[in-house]
Each structure stands twice: as C-alpha cells, then as structure tokens.
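Residue numbering begins at 1 within each chain, and the chains themselves are lettered A, B, C, D and E in the order written.
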C-alpha cells in the first residue's frame, strides 16, 4: 500500500510537472508576459533599441518620465530577462514553498484566489455529480432490469437526446424557462448563505449533471446488462433471491467500474464544462477565474489554477483507484 | 440652459476625458496593466458630467423634455427627481443595499488602481473626495475646507478639515494628501498622464499640518474640480506605503468615507459597512452596509432588480436600459449627456490618410440603423461631440451619413489613385473593435454590412487592452469608440490638440493636427467669457466635422435603475447641505440612500 | 517429479527439434515471478508427433510458444535443424519462422475478423513474396480443398464460418509456407465433440501429405493418445514422464500420470480408479515446492521427494523416461 | 408418470431476434423420478442449458415459453408468473459451468452462502454464517471457518465449485440441476467434484439433472441419459442401454466420433460431417438429416416424433441405428455414395 | 475422406446481413443534407445572412421563415451559413485528432514498454489539463482563424482518441491472429498495417462521427467564452451566444433556439449514426 501510494505520488508529481511545463511554455511562447507587466511600453518596438542605446525615447505624450527604464526594471523584477526554462525552474521552486505567485492583475496571492474561488466550483462539481449519479444509477438499474422493454427504450432515447444537447444550450434553455420566464430558480449565483448558495447552484448543477447523467446511465446500463449475463447473477437468481436483491446487491457493484473510471475522467471535463456554465450562470468560480485570467494573460493565476485542477484530477483518479479496490477485492491482491 | 457661474472663476481644466466602448459588453474584462497607462488619463480628468435624463416615463421618447424643466440657473441640466422624492418620508435606518456592478476593478486603491465606473461605485462610499460637484455642476469643498488660488491661478492652496478620521482610526492631515499625490506620480504609468501638468520639481508643498499647495505648469482656473475624482481621494499615508510594498493591499483600502470595507472577493462581491467614526457623523448615514456584486450581464442584473433580488444597477447597455424601462418595479435615472459613441479613422495610415476614403466611409455609414438596431432607441443620434441640450453645441454642424450614392465616386477616385490599397474596386480596410462582446460584435457586423459595397472590410476583434493600445500607437484603420462628454469641454482639449497627435503614443487618437484648431482650443482655455468659449467650441466642432475623422453615431446613455424600496437616490448632500450632483456618468453616491421598509 | 536432466534426449540423426533445459519465467513484480517452465528437455524426431499432456498451469503451452519464440526464453536451447532459435534475433529469426508454424487454441481469435479468409491463408506467401498471381491462387485453392474449405468461400470473413472451419483455415494458413514443424496448441479444445474428429483427422492427413513433424499439446488424454507417437506428461513446469504413446498409457510409471489416467470419466484399464483421488490443490507456480514438484500431492512421497529434485531417468527401455524417486511398479498397482 | 417429481411436457422456448425466431428448445418432454439422476447430453446450441434455465426461471423476459412444467404436481410456470417466494433455491436449484463466474467476485464466500439462508429460512446473520461453515465442511472444504471470510478469487477452481455446491445445497433442495459443472476444471478436480455430487445426492435423496457435453461424464454417473440435438430431445434411455444399444444415428455417431483411450494411437476417427444447424427458423424436417448417414427422402418431410419403445427408451428417428430399418437405409446410402441431403459417404462402413 | 458439406449455409448468410435501420439513414440524410446546404449556401434560395434588411427580432413565420435576429438578419440563412463553420471546424478537428491520437495510440499499444509509458504519460497529462482550458490558452494567445480553432479542437481529441486507440490495439495485439502473423514471419510494420489497423481504425471510423459531434459542441463552448472563429464568420456557437442575451432570450428566444436545435439535431444525428455504425462495423466473431 505504501509502495502504491508512493508510486501515485511520483505519478502526480510527474504529471504536474508536465502539465505546468506545458502551460508555462504555452503562456510564454504564445504571448509576451512583459506586456502584462509594463503595458504598452513593451509593445513599442523601438524600446528595445532605446534600451540598447541606439535611440532616444519617443514618448511625446509621456513627456519627462516614460522611459524604457521601466521595461528593464520590470524585466529584472519578474525575471523576464531569464530564459524560459530558468524561469520555469524558479517557478517550480516557489511552488514547492507553497508560493504560487501573485496575480499580475490584482497583486493578490494566487493561492488566496484559488482558495476563494475553488470551493464554489467544487460545490458545483459535487452537486453536478450528485445530480448525475442520483439520476443515472436508478435509471440505469431500471433500464437494465427492463432491458428491451418500453421503459428501457424511453430512457435510451432520453439519454441519447440528453447526450446530444450541448450543456450551454441546456443552460440557456433552462435559464430561460426556469429563471427568466418562471423565476422558479435564481439566474445567478448568490453567495449570501449556504442555502442561497445551494439554491442558486441547483440550476447550473442540473445543467452540468444531466449530460453526465446520460453518459453514466448508458454506461451503467451496458455494464449491468453484461453483468446480468454472468453466471453469478444466474446463481443468485437460482438461489431464489428476489430480483431487487439481485440487481442491487449482486449486479450493481461489479458493474460500477466503467462508471467510476468515467467519473474520475469526468472531473477534468467537468471543470472544463463548468467554464461555460459558470459563465452562463454568473458563478465566480475557478472556471470563470481561469477564463478571465487566460484572456488577461494573467500567467500566475492561470498556472496556479491549472496546477490545482491537475492535482485534483490526479488525486481524484487516485481515489478512484482506491475505490476499485473496495469495489473489487480481486484488485487488492495485484 | 447653460449660464456662467459667477461665483467661481472658470479655470483651465488639466485632464482629458475619454471612454472606451465596452460598458455594454456582455463579457467584460478588466484592463490589463497596459491599459492602466491610457485609462489612467481618464482617471484624472475634470469630469463635470452632464446629467440628463429623467424618470422612466418621460425619458423614453423625448429625453430632452425633463432637462428643460431644470431651473435655468445651473451650469448643467438638472435631473428631474423621481416621483417618490416628492413625498416626504422619514428615512429608515438599517438594511443592506445590494448593488450590481458590471465589472470589478483591479483594486480599490485610488493611488495605484485606475477607477472605471464600477470601481468608482465601490470607492465612493469608502473615500470622500476633496471636492465634489453640486447639482449645478459647480465644485464645492467636501473633504477640503477650502481652495484658494495663489500667484494668479498657477498654484492652489487646499486647506483640509480638522478631525477627519480614517477607518484605521488615524487622523487625516496634509501628509496624507502629499503621500497620495506623490504616490500617484511615483507610478510610472499613471504619471504619464498626470505629470505633464506639473513641473518636475516642487509639485506639491506642505504649508501647514492641514494645508497643501499644488504647483501647476500652466494657469488652471478650475483646479479643484480636478480633485473631485480619483485624484481627490486620499487614503492614509501608512496604507499608501504599505500598499506600495504589497500590491495585495490594494484590495483592502483605508479611507475616511461613511463606509469602510468589510470584505471583498475579486470579481465577485465587495461589502462595505457603516463607519461609526465618520467625520460628518452618522446621523444621515442610514444604510448598515452596501453589497456590490459583479453581474457581468447587466441585462440580467436589471431583471434581478425588477425581481427584487438586487436593489440598484448602473448600466449603459441598451438591452439593460430597455429592461429597466419596461420593468414594473424599477425607477430609472438616465443621463444622455455623458459621452458620444463614434467611429474613428486613423488619418496617418492608408487608406484613411486620404480624405476621400474618410468621406466615403462617412457617407456609407447607416446611422439610423445603428440607432435603431444597436441603441434600440435608448440613445439619440449624435451630430457632434455635444448633446444639443448643451450650450456648446453647434446646431449647424450635422453629422453626414446614409448617402451611399456619394461614396461610390469617391471610392472610385481613390482607387484610381491608389490601386495598391484596393481590391476589386473596393478599398481594403480593417475594422477593429474590442471583445469578446456580443454588442460590439453586432456593431461590427452592422458596420461591415454598411460599408461592404465600397470597402473590403476585415473585422478584427481584440481584447480591450490590446484594442486601446493599438489605437494609441496608431496601428489601426477604423475603430468603434466612445469618447467626450465632459461637463466642461476644456477637458477635451487633450484629445484634440496637435501636441498629442504625434509620437509613439498619441492621445489625439485620429492624429489630426490643425494649427487653426489649436489656436481655438487655447483661446477658449484662456478666457472665462462663456460666449467666447461657446463660439470657439462651435467653430471647433465645425472643424472636426470637416476633417471627416470621426463619425458620431449616438449619445451614450448611462442609466441608474433601482427598486421602489430604494429612497433618496438623488438626494445626496454635501457638507454644507448642498445637493450633490446625481448620476455623474453612472458614478453614483450612496451616502444618504435609505431603504424603505417592506 | 521435477523432471530435469537430458536422459530423454536421443542421439538419433533425424532429430529435427531439440529443446534443452528450457526455462521460461514471467516476472510479476520486482521480486516474484511465475516459474512457468523450469528446465525442460526433450526432442522431436523428423516425422514424429510428440504430444504434451498435462493439466492447466503445467507449462505445456508455454513450451510451445517458447519454441516459436512467442515467449521470451529465460534460458535454455531450442535447437532446430542445428540452429539455436533462442539465440536468433530480428531478421535471422524471421527467416527461420516459416519452417515452424503454429495452430492456436481459439479458432475464432486466431483469425483476423476483418480479413477475408483467402487473404488470411495467403498472408504467409505474401509476406515472403512467394509466387505471384495464379500460381499462388492455385496453391491456396489446393490448400483450402485439402482442409475442406470450399475455395469459392474465400471472400468470406471468419465470422461466417464455424469454429471447426476456422480451425481448418488456421491449419491452411500454417501450411501455406510449407513448414517442417507444426505446433498445435490445444487445437480442438474449443470445438464441439462432433467437429473435433474432423480437425484431428485433418491434422493427421496433413502430416502425411506434407511430411510434417508435429508437436501436439492438449489436456485431453484421449485426444493426445490418438494423434501422438511419443507423449510427454508435464506437471507444474516440469516433465514427469516421456515415452511412446502405448507405453505411457499402457504402463504408466509416474504417480501423476497414473492419477491423470485414473481421473478421466472412463478410466484407462491400466490404472485403479482410486489412484485418481489425488489430494490437495495445485501449488502456486510463483512458489513451487522444493524437491519434486508433485510432492505436495503424491501418495508415494517420502523425505527425499521434499529435498531432492528427481532427474529424468530411463525405465524399462522403449525410450520410456520417468522423473520420480519412486516410480510405480506396473505389475504391483494393477488391479488383480 | 404424473407421480414423477419433475414432469416436463412439450417445452418450447423461442427467442425473437433481429435475425428471426431462434427455436432454442423444441418440444422437449421428460420425467424425473425422485432421487434419480438424469443426464442431458448435447453439444453447444443443442438447447440443454436453455432447458435447464427454463426450469429455473432464469431466461430473459424476451423468451417465449410454452409447454408444461410440474414439480411435485405444482405448476412451475405459474410460480414464475406469480410471486411465490421460496421455491427456487429451496425446492429446486442449480449450479453453473464456471466456478469463477458463478461466485460474485465482490462478495465474501460466507456472505454468498448465508444470504440464501437468511432470505429463505429467515436465519440471523450469525446463525447463517455458522451454518455456512457447516455446509462448507460438508462439501469437503478444508478450514471452512477461514474460507467464509475469503473472496472467491482467493480460492482455487475446485474449491470454488465446492463453494457453489455448498451454496446450492444450503436450503436442502429436492432437485439440483448441474449445468456442465466440471467443464472448466481439470480432470483430477472433475473426478473429485463428481464424486462429491454423487455422494451428496445419495445422502440426501436429492434428484439431479446433470447437463454435460461429455458422454463419458454422463455414462459414469447418471441413471438415465437424454441426448439433445438442435433444440430437440432425440433420444432418451437408461444409461447402459443408451451406451450399448443407441438408436438415434446422432447418438451413435457421437459415440463413434470421440477418440477413446483404449484405442491405439492414430486410430482413424469417424467424424460427424457438417455442423449443427442454425436454430433460426429451422425447416420442418429431421434436424440431423443433413449430417445423417441414414437419411432418406422422408427425413426431410416433417420432424420425426419421439417414439417410446419398451417403456424406458425413446428416440426420434425413422431409420434408427441398430435396427433393420437403420441398416437398410445406411447400406442404400452407401451404395449411392451419398445421402439424399448430399452428404458423401466415401468409405465403406466400419460400423452398423 | 473429406466430406463435401454445403456450407456456410444460406440461412447464416441471410442472418449475417445487418441492417442499419431507417433512423440511421435519416441521420445520414440530415448530416448530408446539411453539409450539402452548407456547401451550396451561396446558391440556395435563402436570404443573405449578413443583410440587415428586415425588421429586427421578427418572430417565426414572418417574412423570414425562422424570424430575424437583433440586427434583422435572417435566422434561417444564418443557421445554414453557420453550418459551414460548425461542420467544417468539427470535421477538420476530429480528423486531426484521429490522425495524431490514433497513430500515437496504436504505436503505444503495439510496442508497449518505454514508448508506451511515454505516450501514455503524455495522454494522461493532456487529460489532466482541463480540455477547455487548453483550448482557451491556444485560442486566446493565437489569432482565432478557422484553422486555429479547428486545430485546437483536434488537439483536444488527441488524448481521449489516443487512449481508446491504445486500448483497442492492446486488446487486439494479444489476440492469436497477431501472434500467427508473427509466426508467419511478418514484420512489425506489416502486423500494424494489415492486422491491427483494420481492427482499430474501422471502429474508430464510427468514432469520427461521435467526435465530430463533440467538436461541434466544443466550438459552441468556445463561442460562449468569446473565443470561436473571429470576424464576421458565422457559426452556430456564435449565433447561439448572440441570441442568448437576456433580453433576446426573454423576448425572442427563437434566435437562440433555431441554431440550438440545428446543433442538437446535428449532434444527435452524428451520435446516432456513429453509434449505429459502431455496432454495424463491430464484427461478430461467431456465426452462432
């Protein structure tokens, strides 16, 4: 177990390094971080010449102070005069001390931003998963139990349809129907109390959850049908155990593996999907923060958020692996 | 409508004013640091915003009617108060006012963060300004006790009130004012905009513990209005020093206003609570707290105000304004005088360095479509940089447009001379706008549609920061923009003079330099004679019109929408009992607002 | 019975394939590994059919796969026509491959479901570019006829054939390259009894027709007896007994061989049915017993069986070899 | 026969599929006396497992079933449609082919046995566990107290099958159906399992149906053997009678096609040519006719009925082997070189 | 003495023929029709999608069959023209994802060992990078041309497709027919191309349709974040965003609903056709 844990930690570190390096390089090669620090000074091509002593300052409006000194100072301050790998190493070094840097935009420590925004997204994600599982498991079990019958066909068509509705479309439609037209549910996030938080996240979590529920349901149904072919299910029925007992106590647990794998992989997709849903329902979560930060080229925030999400992803997949061993004692041996 | 105020000398304004389109963006970003430079220019303008509009019933079709009801004695048209104000009610103490803002600021430190409308909304309760506008648009001392010009009007002595306490318990004195001013100038970017008005040395002096003297390069008759905005907001000196070391402190400002910051989450919520040691006392501070929430889609915020989820929203988004107007449970205060929507052409780059191209574009533009499809009737068509209700307006200046038949020959002639700038007989050009924004995209699509018979239009959507930057450094053909609208047109000089048309960064965005126009600009600045100034500005308008560098579309509309429980929105009082200016470009004050019960 | 040693190897000139001290181990973790085959030696004379029989886990299939180099050999020699296949790599190994072909257990899985069966059978020829056009087609038709698949069905895909037919296609594929050695790994265990005989007959026919040397692996004692000249009985990675088919079945000496023969539903007359009642379970191949690997279950086991590994020794002539410290005396254990 | 413990009459099972109706079981009838062991022999697809699953009410709902099944005079199909608890698992139970898949991999062996006891007999958790240990001991599992806490994968194949048997026997059923109980295990294990089943059956006076494809297994253990082919019961007789004097050509061919351990090496086998027919919309004829060396023209007209000779044997053939009619038809075919269905008979007969 | 037995018999041949069903063909007709309409959009008798002629926010069945948007543009025409970008971006994206991901996956699954570990690690890392964030990074920093957006969507597909290709490859690489091929003397390249590719690619072909649906949806998501194809290019995602302003949604929801329905039907058709095709190409390995 200890070895297993250790291997997972090594994997986590490797993945984090890869992911952050990817993000770091993308941010540095695709954009110019200098722009974010010193603004237009960086974009004036002549500034490099000024810096090299080849030209006088050219800021007529700025008058007496807009020198290119600012540029050099900023370069030094943010280590932008260093090479990308060197800056990456420095960044990782800071990360190890728990320092994710500060936002270029607001100066706030990224860790604080993440701490502020993450719980909202996490709550949304958890609620969405609960909605998804609460729908998918009973419907999946029922559909498998009534395989080929009307209920199964109806849910099949339903889940197929749901799978084909983009979540933003579902979001827009549900927003229109339940929030704007009928005012049954709030149209945007309300952070006042726990109740308003849950209440205002209900609609977005349904939007996120329905699509996932459809994919979970289909997967569970398929796996259950496979499991129901197994001899041990026949055996349980041959022992005279009632159908409900057979479905829930015998067939369900061994049929959950793919579902759980998908559950693990979904956490990544869910954060991705919640970017849009957070946008539509004005939820100031980590998704919104990432979008804003990416558009602002607020590198430290983007990197910090990516680190946190990737860690979450790896950790959840690790927990999923642990869950396997609980679900399937066969895994415990190997 | 306008008449000269004789009580105070008309002095030379020091700062320019411009607005960036994006107030009605559905998806609005905060500015990157690069925009600090340019936008900071905005922060230090003498904005004596015109305030127009009226209540939701009369403003829809003829927004000018209510303006005409003004007392005729003010520098600016006054706001006609909503009906609820007529009934005397006893103010109720308590409650939290829930305000929607469409964006958040980078921070709330007036020394180092640039304030746009949203930031002003949040900073106004926290910081009292040194000076403020009364309902006539004239400056009154607020945090300052008095302002006295010395040596003509080149220097001004500002005397502070005694016993003003900061939220941290310390007392405000001259050192805080000096620290704030020096702090502002220490920022290399912000100082780009502010420093030119002051000499390199000895810009501010401490006369005594409660008196400071600002020294200017040129005569400025209006200096105190300069201190009605961000520059007049004074945080404590310790806070300024601490925030310089740790930028994160910009999120937790220490002011001396009636409310102090209680909590703040970037891009989400900011909560301010009543400050019990407020220097004016808290007798007239009725609210317990104000909660600002960022709701990027102000149309959605308008819906929520109507539903009672929120109390107040401030917006320039036509959709939101229409929603507010049609909402049953919402009162509105609209201001049509505080800015112009326009289209600008870069006169220093092909093809619009040729006036024929500019004329062709002007003729090809369908302003009526713009007014009906984009503004949807919330903003009237504009002919120049002044609303017709303002005395500065030159009624003879008419914005040309909607004559595509005139564009054809011009384009033909241009393309004959410059075939390299044309393809298939149409002029090649790029339309640049800021995004992502549904409204901006619609505008771009509409304009492209207008122009495409004569121009090959390439649309380029840029993030707001890059958009401003490219305009400032002259890398654009045509852009959509919002500009002008200052109470005193002297503020607009900086956008129009030759001095700002040259160089790497130009604040004269269209880069038109006309020496005759410069002469007029400086002439009106030198005089306090209102007639002379009006005459000069009317000539300037004609001159601008003749260059075909701007296409004015509509007058921007800033609207405050609030629920019926919100009282006394326009009843803010100054220290001497003056009624303060209401809805200055959406920069609402909340000091004396109260919430009725039930 | 841990059958080690070379006693069973013949010095005959016509030995085509000779396996010496073959060891195959599969690592399952850094410390542990499965001892699938542990020091097995035997040879196959040209034209002979050698059967390998044993229960699941005895390593018989691993031996087969090791010979054609589908499994990595841990140590040992697989000598074919004077060349040690275990030493060959890359192109050299590839060049020898056509000589040794294989038929697999699962007739369905051994055919690519997406290819036409004619292409499946031609595959070997097209790899080696042997013959072109009509010549190839003629040979393929001949092969298909030989295994009882009508050539006109050549354009069909495997799923349109039954298991028995698929196995015939597999045989045709193996024979297309004119191999010397055919290795049959449980070729009929997945088939219904009514088609099992068809395939067994075809293997016998092909052996005659193409002069094949066959290694035939099966867990079914009757099937192995039917096709084999010589038989090896394996247990837990080791050889128990080697001998002519008649000898092994007629006078089995190893206790395990006897247990096997006594366990089948209609036991061989040479053993007492009670000899089938062997106790206990098959030990783990990860931790095989010391000494004789059968010692945990052998009724005859004594102290020596737990310490000393028996070697393969000749008994009563006839090329009959047994790896046992206490080989059963045939006369004694026969029922009276 | 009405006093038989189990009585099956004209059982038909059809599965509608996209390809057509699969007639998996077609007119199967048999009786089982108390305490008897019936072997049902057939190849894959012959319908033997479907028959067993029908008896156990294990078929999917899509299956169309007709015919009568009575157990101790009670209509089994009525039990299936009603909601009677405590019939399957108590009166009648079944064990399956693969011991690995017959046990739920995620539940401990003890739980799996005791849940039956708790459900049917209302035993407490502790009592059920204690009884489970007893049961495991009865089926010869060493260290039963430890085994109940183990998961199936921790046991060897032979032990697993014993656990399955213990589980099946938990409520002392009167009839045990064993569907290929030893196919997946090695011969040495197979022998021990079959011995165990024999012993348990005798001790408890339980009836048993042993389903197998291995004629040898059936021969050594059963009182009576029924042979199924293509969904039909083609022959049924007392074991020794069937093996020594089979009537149906399929039975005789099957007996001949298997290599025997007492034959010398390289004995030519006699295969049954062709392959079993599709069960989708089978033609109205003897289903074995295309592979049958006895086949005559009238074999292609209508399905031969199961004829009952001297009380204890039945077969469905018009030209039965080991009879005059059979011999005549075979020699006629041999003379013609092929049968009426096109099956070549190239070699002089070795049998008949 | 091989008896000639007439087989495989006719009954099996009939049974083996699978049917795709009318719903599949309906889906194909919708996608095909849409693709055709998209290509032929300039010549179709529909209004100019950019022209602002009509009254804004007209309802359904007015002068404009499906109404007009806030600028008075014809919703039907814009939906047809939007199909160009949406289908285009979707198909280019998935082809890229399939090519790169498929190749890497097959290599990884066939050779195993270090190569496999490396590629699998890349896949896992890509997966732990939230896909839309990755897309955001790329589209926000590069110009948002048609090709950038298409490529971005393709990159998103690499890891999931690659993992699937790898798993499928492993599943088949252990099959006996691959071993048989090796025993026959086939080289790795031949085994991959002749034995594995058909088994991996054909089922992945069906995945193309499913993936195209995902790409179309992803374009919409990017549009919601303001990062779809820039300029006046029309896409469904952009149309939906345009129609999803609160006032448009409350007063004339059809502006958003028409492209939503178009997108939904297309994704549904792609999903359904893909699903059916997957079943159809899923070879049955036994005749019984």
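Keep in mind that, in the parts below, a residue touches a chain if its C-beta (ideal position, glycine included) is under 8 Å from a C-beta of that chain, and two chains touch if they have at least 3 such contacts.
Because the structure is predicted, anything quoted here is derived from the model rather than measured.
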Neighbouring chains common to subunit A and subunit B, by label: E
By C-beta contact count, C-E versus B-E, the higher one is C-E
Where subunit C and subunit E are represented by their mean Cα positions, the distance between them in whole Å: 49
Calculate how many whole Å lie between the centre of subunit A and the centre of subunit D, each centre taken as the average of the chain's C-alpha atoms. 55
Find the geometric centre of each of subunit C and subunit D from their Cα atoms only, then give the gap between the two centres in Å, rounded to an integer. 31
For the pair subunit B and subunit D, the C-alpha centroid-to-centroid distance in angstrom is 91
By the touch rule stated above, which residues of subunit B touch at least two different other chains? 27, 297, 300, 303
Touching at least two other chains at once: which residues of subunit A meet that condition? 180, 279, 295, 297
Within subunit D, the set of residues that touch 2 or more other chains is 44, 273, 275, 291
Interface with subunit B, subunit A side, in the complex: residues 35-44, 46, 58-66, 70, 102, 104-109, 112-113, 116, 180, 183, 186-188, 190-191, 279, 282, 284, 288-289, 292, 295-297
In the complex with subunit D, residue positions of subunit A that touch it: 147-149, 230-232, 234-242, 245, 249-250, 253-254, 327-330, 333
Quick one: in the complex, what on subunit C touches subunit E? 65, 68, 70, 94-95, 97-98, 100-102, 104-106, 108-115, 120, 123-124, 127-128, 145-148, 150, 153, 156-163, 165, 170, 173-174, 177, 201-202, 205
Residue set of subunit D touching subunit A in the complex reads 53, 56-58, 60-62, 85-90, 93-98, 101-107, 115-116, 119-120, 151, 153-154, 164, 167-168, 170-171
Residues on subunit B engaged by subunit A in the complex (per definition of touch): 27, 29-30, 32-38, 106-107, 188-189, 191-192, 195-196, 200, 246-251, 265-269, 294-297, 300, 303-304, 307, 309, 463, 465, 469, 472-473, 499-500, 502-507
